[in-house]
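First the structure, then my questions, so here it is.
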Amino acid sequence: MRNDSEPKRWLGPIVRLAAIAIGAGLILAFPASVDNPYMLTVGIGILNYAVLATAWNFVGGFTGYISLGHGALSGLGAYATGLLITVAGLPSFVALFIATALVAVLAIPIGAAALRVRGASFVIVSIALVLILLLVFQSWASLTGGSRGFVVPRPFPELRRAEHHMVFFYLFAGLLAAALLVWWVIDRSRFGLGLKAIREDEDKSEALGIPTFAGKLVAFVVSAAFTGLAGGLYALWFGDLDPVFQFSVLTGSTMVLMALLGGVRHLFGPLLGAVVVGSGLEYFKLEYGDTPLHLVGTGLLLFGVVMFVPEGVIPALSGLFNRLFAPRETSIREVTAAALAESRRREGEADR
Amino acid sequence: MALFVQSLVLGVLLGGLYALLAAGLTLYFGVMRVVMIAHSAFLILASYLAWYFHRETGLDPLLSLPITIPLFFAAGFAMQRLLLSRLRPATRTMMSVLLTFSIALIIEGLLGYIFTGTQRRIQLGYSGASLELFGARVAVVKLIAFALAAAALLALYLVMMKSKLGQALRATIQHPEAARLVGIQTDRIAGYGFGLGLATASVGGTALALDSTIYPSLHWHWIGPLMAIIVVGGLGSVPGTAIAAMVLGMLMSLLQIPLGTTWAQTVFYLALFATLAVRPQGFFGGRLAKRF
Amino acid sequence: MSAIAASSSHDRSRSLETVDLTRSFGGVTAVSSATVSFRHGKVNGLIGPNGSGKTTLFNCVTGMIKPDSGRVTYRGNDITGNAPHRIARAGIGRSFQLCRVFPRMTVLDNLLVATRATDLKAQLGSARDRDGIDRARGWLARMGIDHLENAEARNLSWGQQKLLELAGVLMGDPETILLDEPAGGVNPALIGRIGTLVRQLNAEGKTFIIVEHNMDMVMSICDHIIVFDRGRPIAEGPPAMIRSDPRVLEAYLGV
């Protein structure tokens, strides 16, 4: 940067690293600090949401394609894991990884078909994907148990409830860390810049030589892999699957809400969104019981984000932070005004 | 053979209803490039209002239409003017999906809260009656629903083709910039377009209520097939949508014999995927249909 | 087809050509059996009245739309219907009539997008590497907008965005550059700068094909001009010849 923040240059990254370390520490210490298993399950739920939202953000954040159908991918991961254990007799975690690979492989033709269209058609396809899988998995009761539910055997049957939850808390935390790491790598990479160009102007980026279709597809497959993995891990943890909850446009849209709320252009945006929305949903359930009002709550929250904070909370907060604590770091508009004056001066000189 | 004729007739009736329900959906897209996921939620809302009207007044639910049609028209107009026009044009399509989705959730949640999740059904004097039509046994309520849908579609056609509003609407759909250049207030026209769309939802929902069991999450059952219909028909083209609705409605009805109701529903999604693979701008919309 | 003056022989082995290219939209034929050979190593002008098919030709050549029939060849290879990114990587760059930049990315990032690495290691490596940044800064300096490096592209003036778009195209080191109305909506001083830049880059070995309506600019910087009317070339030659060709005047004035 060519502005006047040279002495503060190393301060920013240090503060950020410290914040990450503190956050990680808080997460790791969480299970030990809560006394009832219920809070632990809430924590796992939030971590699960965070993984799903971050995984979604590989597509939504980088390419700008809004998929409401990621519920299909997590559902497939969940059922594939369950079926590999019960039907193929595989050990739990072997089944999990094979199921993830299966979802990633399936994502190739699905993505190839869906990514051929953009905008409205893409959203429609993503929703249709979830709905058709819902139909199939509900009707094929002989295989999937349909609406009666599908029981997934626990990987560690000898563990007590509390210990079971604790193990899975750390497993989900590990998965989240992996997803965040991959997202970070892509974010700063050349590949990531290409994806962001697609988000800005797909045709223009193609005219500049970026293989847009291949790029979108790779992002989609990576997203699908993490989403499927999260779905499978959930199946191992929760143990009971119902198509209505697994193949749900609502779940898919909740992921979108979380990513949007936190900020899709930021590494920790989806995580932040998951914490806020996840806690909110839990609170709702406690206060109002299992009424449909949580739908109203989710709807109102999504409404509020879209209308008032479409960029998400993190950009809004950092904007506020900059205005309050770093007033010398002038806004882009002011930088540009000065730069414009400079360029006009230069243009005037060139005329002579 | 009798079964075939029965399915065919039912397919036509079903197709007609689908055509009305999908017409509004494609209208929103044509007017403003907006995917209005809440359309089916409003449909169910209209069904609930018809049921509620019947329960409270004992009158035929069709008599609620003079109340609900203007109400829904106003709601559509308000939604477009106050909410959708506030979205930034660059990301409008995507954001409109999320916005209308949130409205659908709110509607579903409120319906569930107010009316509970109990399944509701309107029982009328003529609910059980049926007629003999072309050798098929058809329930009277289905015929009335079809007649209602056909009348509404005709009205929509007349408005679109013969009125000044319709002319302005078609201009706005085809070429917003050109429309503005000739002095059409495209923002306000878009509002009317939305009003019309929701008005069709009120008629469609009332027609639906005559013959179906309704519950709050029913809109999920409808949004998939309706979206598939508008893509197959060609986004933004009302005639294209009507044709696609008839074709798919009949196909589904006919496939119910060998496949059963649940699997027959997959025909909508299969048609959707086929359309996007082969001809993304839809099959029946002609030059009116927009891509994406 | 009237007698096209294919007078001076030029190196056709490396040139961009179309053969019998045709493309219609609905009932309107935009490009009609157009056979053109652009002079390699020169600044080619492509002029003609509005609606004569010039931008459609550009779109067919760069792969943005597929022609209904006919061929596009470059350096002897048939590139008809290839995906735009493959054509870009083959060495053909283009700017757009309505200047397109990445609005919410910084000026610097706008250029860094255009770097060419394709192997896995390069793709996963940092987007902002030393090499890329140096090259980008070089182009920005040449355009005179290096001081705007960190501004978001959407905050630039129209003229600055045009320069940014051009710099982005040049980052990819194309051999042949298609410019679609580079002078559109730009003040005269900047037009002059762009014209000078084009001639400089041409002297450095780049071939240009420029669609333009500003006749002063066309006549002053182009070596070879091709005139389009109703979807096909009707005349071509050096500026002096075109300026006085009655067919050209007729095409522009109608009848």
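Chains: A, B and C, in written order; residue numbering restarts at 1 for each.
The rule we apply is simple: contacts are C-beta pairs under 8 Å (C-beta built on N, C-alpha and C of every residue); 3 or more make two chains touch, one makes a residue touch a chain.
The shown structure was predicted, so the numbers you read here are calculated from the model rather than taken from an experiment.
Student: By C-alpha centroid distance to the whole-protein centroid, which chain wins?
Tutor: That would be A.
Student: Work out the mean Cα position per chain and let me know which chain is farthest from chain B.
Tutor: When every chain centre is compared against chain B, the largest gap points to C.
Student: Cα centroid separation between chain B and chain C, in whole Å?
Tutor: 47
Student: Using mean CA coordinates as chain centres, what's the gap between chain A and chain C in Å?
Tutor: Each chain's C-alpha centroid was found; their separation is 40 Å.
Student: Express in whole angstrom the distance between the two chain centres, defined as the mean CA positions of chain A and chain B.
Tutor: So the centre of chain A lies 33 Å away from the centre of chain B.
Student: Return the residues of chain C touching two or more other chains; collapse runs of consecutive numbers into ranges.
Tutor: none
Student: Which chain B residues qualify as touching chain A in the complex?
Tutor: 29, 33, 35, 37, 83, 86-88, 91, 93-95, 97-99, 101-106, 108-113, 117, 216, 220, 223-224, 227-228, 231, 235, 262-263, 265-266, 269, 272-273, 276-277, 280, 291-292
Student: Using the touch definition from the top, list the residues of chain A that touch chain B in their complex.
Tutor: 64, 66, 68, 113-114, 116-125, 127-128, 131-132, 135-136, 138-139, 249-250, 253, 256-257, 260, 291-303, 306-307, 310
Student: Spell out the residues on chain C that touch chain A in their complex, using ranges where they run on.
Tutor: Touch residues, chain C against chain A: 62, 64, 83-86, 88-89, 93-94, 96, 100-105, 109, 112-117, 122-128, 144-145, 147-152, 155-157, 160, 168-169, 172, 189-190, 193.
Student: Give every residue of chain A touching chain C within the complex, in rising order.
Tutor: 1-3, 185-186, 188-194, 196-197, 200-201, 203-213, 332-333, 335-336, 339-340, 342-343, 346-347, 350-351
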